[in-house]
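Chains: A, B, C and D, in written order; residue numbering restarts at 1 for each.
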Amino acid sequence: MVADPILYVALPLLTAFLLPIIGKINKELIRIVPGLLFAFLVYNSIALFSKVSATHTPIIVEIAGWAPPIGINLVYSSFTGFIATIISVLALLVWAYSYKFKKLEFDNSLKYFVLLMLVTAGSIGVILTGDLFNQFVFLEIVALSSYPLVAFYRGRNGAEASFKYLLVGGFASLSILLGIVLIYSQLGTLNMADIAAHIDEMPRNIKIVSFTLLFLGFAIEAEMFPLNGWAPDTYSQAPGPIGAVFAGMTAKAGIYALIRMIYTIFDFSGAFEILLIMGVITLVVSEGIALRQENLKRMLAYSSLGQMGLLMIAFGINTKTAVIAGMLILFNHAVIKSLLFLSSSFLVYNSKDKLIKDAYGMGKKLPLTAILFGIGAFAIVGLPPFSGFWGKLYLLMASADANLLGLIALILAVSVIEIVYYFRVVNGVYFKKSKTEIEVHKPRWNASLAMIILAAAIIVVGIYPNIIYDYLVNAADTLLDKASYISHVLPNLASN
Amino acid sequence: MSNIIIILAIFGWAILTYIAFRLNKTLGNIFVGLIAVALPVYYFTYVPEDYSFQVMGLTLQFGFTSFSSLFAILVVILGALTLLYSIPYMNKKDRLGWFYLNFLFSIGGMLGILMSKDFVSLFIFWEIMTWSSYLIVIFSGKKVNKVGVKYMVYSAIGAYAMLMAIVLINKWSGTTNISHFFETFADYSNGAKILSSLLLLTAFAVKSALMPLHVWAPNAYTNSPMSYTSLFSGALSKMGIYGMALVAIMLYTNTGMKFFGEALAWLGAITAVLATFWAVFQTDIRKLLAYSSIGQLGYIAVGLGIGTELGVMAALFLALLHGLFKGILFMAAGAIEYRTGKTDFSELRGLIWKMPVTFFSALVAIIALAGMPPLSGLISKWLIYEALLSSEHYFLIILIFLSSTAAFLYCFHFLYGVFLGQREDDIEDVKEAPALMLVPMVLMSFGLLALGTFPGLIFKHISSSMSYLGFNDVTWEMSVLTNEWGNKIYLTHLNTMFMVVFAVFFVIITLVARKKTRRVGTKDIANAGEPILAEDNYHFSQDFYKPFWRVISPVMKYRIETFYNSFANGIGEFFQFFRRVYTGNGQTYALYVVIFLTILFIVGATLI
Amino acid sequence: MDIWKLLLTGSVTTVLAFVVGMLYMGLRRKITARVQNRVGPPIYQNFLDVMKLWSKKSSINHGFMQHVAPLWMIATSITTLMFIPILNNGSTFFTNLTFEGDLIMLLYLMVVGSLGMALGAGQTGNPNSAIGVTRGLTQMVGFEIPWVMALVALMIQHRTTTVAGLLDVQVQSGTWLMLSSPFAFIAALLAIPGMFRYSPFDIVGAPAELASGPISEFGGKYLGTMMTNGAIFAFVKLTLFVDIFMGGASNLGFLLLKTFALYMFPVLWGLVSPRFRTEQAVRFFWGWPVFFGVLGLIQAAI
Amino acid sequence: MTEELMQQILKISFYGASLALILIGLYGVLTKKNLIKILLSMAIAESGLNLLFVAIGYIMNGTAPIFSTAVLDENNQLLETVTMVDPIPQALVLTAIVIGLGVTAVGLALVIRLYKHHNTINIDEIRNLKW
């Protein structure tokens, strides 16, 4: 079978548009075809990623035969491939999970899967593309398909959340577009490598303005405080699996765009400090606010924001160890937070307000889901032998290397807060009596399987992290080596 | 290789046990019994080997040192006995598989800690031990948040202090190897020395419930099943002592930072005094024992803090001994709970008639705890006092003495309140605990008796482990104790004397007027001429040490716990206020974006 | 160690302690009576009492712990006695086990009897007994502190923990420790009444409140044993104190003189003082005695 | 000279107009309480942005960026250079317009949903999700 980065984007988009037609043939195909697609994406990832890992050179695809900087290109390197692989695996699991999810309520699987495919394609596109405007377009695809997903259920406040997202997301797109316009006006190119190679030709003022605008736009997508007001609402109102999608895909796309911009495109060393400081603020504020949440999904959302803060810290420190830590946290966040969102959806399946109280007593009624949620909670607070621990350890080691003692203490203090609110929930799930009589909904085997795979990944990576360590190191090397990125994308530039 | 295998085998067996309990309770119990037997057998027969491997670019190393194997003995023996004890004790409960899973995980975690030769694996096993013990603390499902989360939070504070120390050490010395850290510690800058050692000390102090980090302990000890609390207080808290010994001796005593050792000793002494005072006023036997544990751990900290040869010897001896006698006492409390379902002094009385074996085990343990001859407690106390005397700690010794004198109060309270006093009809149905619960208690009682006269049995191990800490050729004799001034006590003579006189008088007093000795009930007492009615009970259980309370209540009203609670609440309230940032109005969020952009422009103008 | 010699000297010492203790207690009753303007019993009255108790045919027993409590106490007292030097001249006759233990051990050994007593009293089921025991233990926490402070001061100053060592110090320097370490002596002296539990520290027995407290359920042979023990233990305490602070004695005459002089201190104090409440007693001991104890420690430190 | 001046003035007026549009849009988004007005303000800001983008690529007297007839000499050299506006901004703006349209459409759909759910389109009253 063929494996090509372009398929990541092309196939889901194509399938998304064909799906209504396929649906006419057989209703069941609406559910099956996306699964086949995602399975193919996973295959695609594995094939490409193993190739990239073996050769240590990125695969660069020039779309429509135009070589960069004129044409649009996709860059599949150890770094982007790692994230793309996570996203495609996650997409497959989310598909498996949401196969017939809430089917009884109303059957809207066509919309759902179309949107899911669009989000996946958009997220992977953001990560793979080597063109700034193209990245903007993919981000907009992500955003545009996220808005309806958030407002998917009629009965909830989804529309409200979606509208807030749209409002802030509108700012993001304005800001990004403006930044792109400024860069284009000065350099006349939109290719990232090309911009990076010529960035010092830009007047300083315009460089700063465009940097600021791009930073703002991507920071909104990356859920940086205080730009993340929309995020808790969307996480809590979207359908259960979509929470996992947001945590594992769209937020990843946002943070990727942010770090790609800071690491590769611009050459501001102060940008790392901004990222670091904003990460710290995001972390502390979000985890602190999560402390007294009554809504389970909202609590998870704030916790997710906190993890994004950790990611920003990791990438803000800007050393190799820190980037490895960042990749690990990115992996953990994608896997663990997805598991938490997926399992918590069943804990509060039939509850209207998704309150933590409603999950009480589910330990007996939904033993498997509860234990999976428990594993997720243990992992996210960083207890060994779960994978969350290694991320935290590496981040701390990176902070220590950078002489940031206060940061270490702060991260650890925040972890204590995390323990408090997560363990309260887990305890409640197992030991508190359920007060209201809420009908439980047992996960189907496909949903269980998706969650078990995630949990298994957490445990396996936790016990034996060496299996991903080499990939992480490669990814970190790739991200940090700006020159080789440019030279790989623009082989002619060096000779000129 | 064999080192890490034993840990993995325990973890694997834990999971197998879990599965076995899901299939069949008897099968599960057989699995538990097997590991209980296999653990000591394997431990005492295998040949240790070092092993190391790479994880995430870090080197993890395993292998027992002469020092850690001392604690491993305690863990293995106490672990095996508590497992045996658990079989009947937990038999009526649900979710047994879950219980034993965590039980075995915490044993494996403890052995892993002792086996770790580098900080990262130490931390990993430390955390495994912590969460598995946490899961047992909340096993009963009662007070899960108030007690369980509190335990987890304090443990996390400790563990994270350790983690911070680890990453700093890794940065400073480029490796996380423990012995390398100790060897190069002298080269560190002063700030690094103080910071790293204090962080490590905090971590270990939490586990060993040193004040002011003890807050979790009484409730956590009380809340977990007694069969586990035996291990919890007896062995698990000793992991803190293990680390504390390393820090206190390797870092403070051996590198001339005596001041911190002194501070540790003072903290230990204050812990001993205050915890003992609190133990005196407890009305629940489990809490009494829990506070008593804290106090005893304080003694150990004193011994480690002063860091002289005798002091360390005393601390290590007491650490092992405490495992034994507190093990017995918690088991006894468990047996009482098992048979009567009660643990409050106001509901218990007169059980000596019904549970004599439990009583005598508890009596032996209490005598050892109080430090009286002819049992081994005397030796630990003696060593501590001699250590303090010869290192001229005038006031510390007074504090310790105050604490151990006050300990008599709760010792009597425990024995009297539960086993003695006026019998009542409600205990008529109570039976002696099952044999499998008695066996561990009795075995450990014999251990205490033997050590009371022949402490050399343990001194042998202690002296070899102290060579690891830098005390070479520690002198010891089988049953003679010698202090630094050459004063000796001959335990054989003392104990023989006592027992012979006791035996002689026992014969005399039993034989004299044997036939005319009337055995009467406890309601047949001198009561100003008034007979006690059947429905009355004059058992003394309320306000047991009221006068003493009146004396020391001015001190006792200051509780660090209230301070911690208000601090935690303050944090919660602060963020509660902060939540209002998220107003729920989309326009406000848009406004934030604009404000952020403005700030970013201002900051951005300074970018290079 | 020659067992037979120990048996002989030990027995003699025990008998000596018993007789002296009994006589002192008789004297106390006599003196008390005289001060209160009564005739009082003859000083040998206590011997008669013990004989009567031992020869009583019947006794009440509530259980095993009550059975062993008295002999627990007497075993403690006799064992303790064996470890205390009676004379300071190195006489081999009264050596017993003197050189095989030290003060710290003695401190602990001396409370073993109290534990036995407490358990025995506890088993009788009489609430007065238990109350008495709690009071006794509380009071013990009080007086042990100044007492130990004094001992610690001496032990550290003279770098020995044995009674024999402290005796040697006094013999060689020719000065009693009560003169060279006056503060420690005062602290210890003030603790003595607490040990003897005479008024104002008779809160354990407290005849009017507790009906003689812990011993209220003991009779016959049990009470006889306890009285015997009381006599021996009184001698033990006095001799120990004399050994430590008053230079010991080179012959039995001096020993009697010094111990009697010391014994009069709690007795005479008791005659003129009403009973403290428990907390008052503890507060008393933690007041001036501790103050002097601290002074003693400071003196030793300097 | 005058042509260059003209070009400058034109550019500046283009820039000014687009900036004004963006600011108007921002003002509307931040102050208007009506959801539809907010959406419209966003659309205004976006068109301002698009205008800016096109203006950057604009060259005075340039033709549309379409290769129609190239006048070549026998050596295949261009005889006459045709001034074309930069094609890329136009292409990109086209995309941006489409995206903006999509956003507006979704937004309006959401407004309908919100109106059904809350019976109001005042943004201050739609605050079920907070804190």
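Here, a contact is a pair of C-beta atoms (placed from the backbone, for glycine too) under 8 Å apart; a residue touches a chain by one contact, two chains touch by 3 or more.
Because the structure is a prediction, the values reported are computed rather than measured.
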(message) When contacts are scored as defined above, which chain pair ends up with more C-beta pairs, B-D or A-D?
(response) A-D
(request) Point out which chain occupies the most central position, where each centre is the mean of Cα atoms. (result) B
(request) Select the chain at the greatest separation from subunit A, using centres from the mean of Cα atoms. (result) C
(request) Let me have the rounded angstrom distance from the C-alpha centre of subunit B over to the C-alpha centre of subunit D, please. (result) 71
(request) Calculate how many whole Å lie between the centre of subunit A and the centre of subunit D, each centre taken as the average of the chain's C-alpha atoms. (result) 29
(message) On a C-alpha centroid basis, what's the spacing between subunit A and subunit B, in Å?
(response) 44
(request) Calculate how many whole Å lie between the centre of subunit A and the centre of subunit C, each centre taken as the average of the chain's C-alpha atoms. (result) 79
(message) Quick check on subunit A: which residues sit in contact with 2+ other chains?
(response) 163-164, 167, 171, 232-233, 289
(request) Can you tell me which residues of subunit D touch two or more of the remaining chains? (result) 29, 38, 126-129, 131
(message) Output every touching chain pair, sorted by label.
(response) A-B, A-D, B-C, B-D
(request) Show which residues of subunit B lie in contact with subunit D when the two form their complex. (result) 579-580, 582-587, 590-591, 594
(request) Would you tell me which residues of subunit B are touching subunit A in their complex? (result) 54-57, 120, 123-124, 127-128, 130-131, 138, 141-142, 144-145, 148-149, 152-153, 156-157, 160-161, 163-164, 167-168, 170-171, 571-572, 574-576, 578-579, 581-584, 586-590, 592-597, 600-601, 603-608
(message) Residue numbers of subunit B touching subunit C in their complex, please.
(response) 350, 352-353, 363, 367, 370-373, 378, 381-382, 385-386, 389-390, 392, 394-395, 397-398, 401-402, 405-406, 408-409, 411-413, 415-416, 420-423, 483, 485, 487-490, 493-494, 497-499, 501-502, 505-506, 508-510, 512-513, 516-528, 538-540, 544-545, 547-548, 550-551
(request) Quick one: which bits of subunit C touch subunit B in the complex? Just the residue numbers, please. (result) 1, 54, 56-65, 67-68, 70-72, 74-76, 78-79, 82-83, 97, 99-102, 104-105, 108-109, 111-112, 114-115, 118-119, 122-127, 130-131, 133-135, 137-138, 140-141, 144-145, 148-149, 152-153, 155-156, 159-162, 165, 211, 216-217, 220-222, 225, 277-279, 282-283, 286, 293, 297, 300-301
(request) Give every residue of subunit A touching subunit B within the complex, in rising order. (result) 163-164, 167-168, 171, 175, 208-209, 211-213, 215-216, 219-220, 226-227, 229-230, 232-233, 268-271, 274, 285, 288-289, 291-292, 378, 381, 383-385, 389-390, 392-394, 396-397, 399-401, 405, 408-409, 412-413, 415-417, 419-420, 423-424, 427-428, 430-432, 464-466, 469
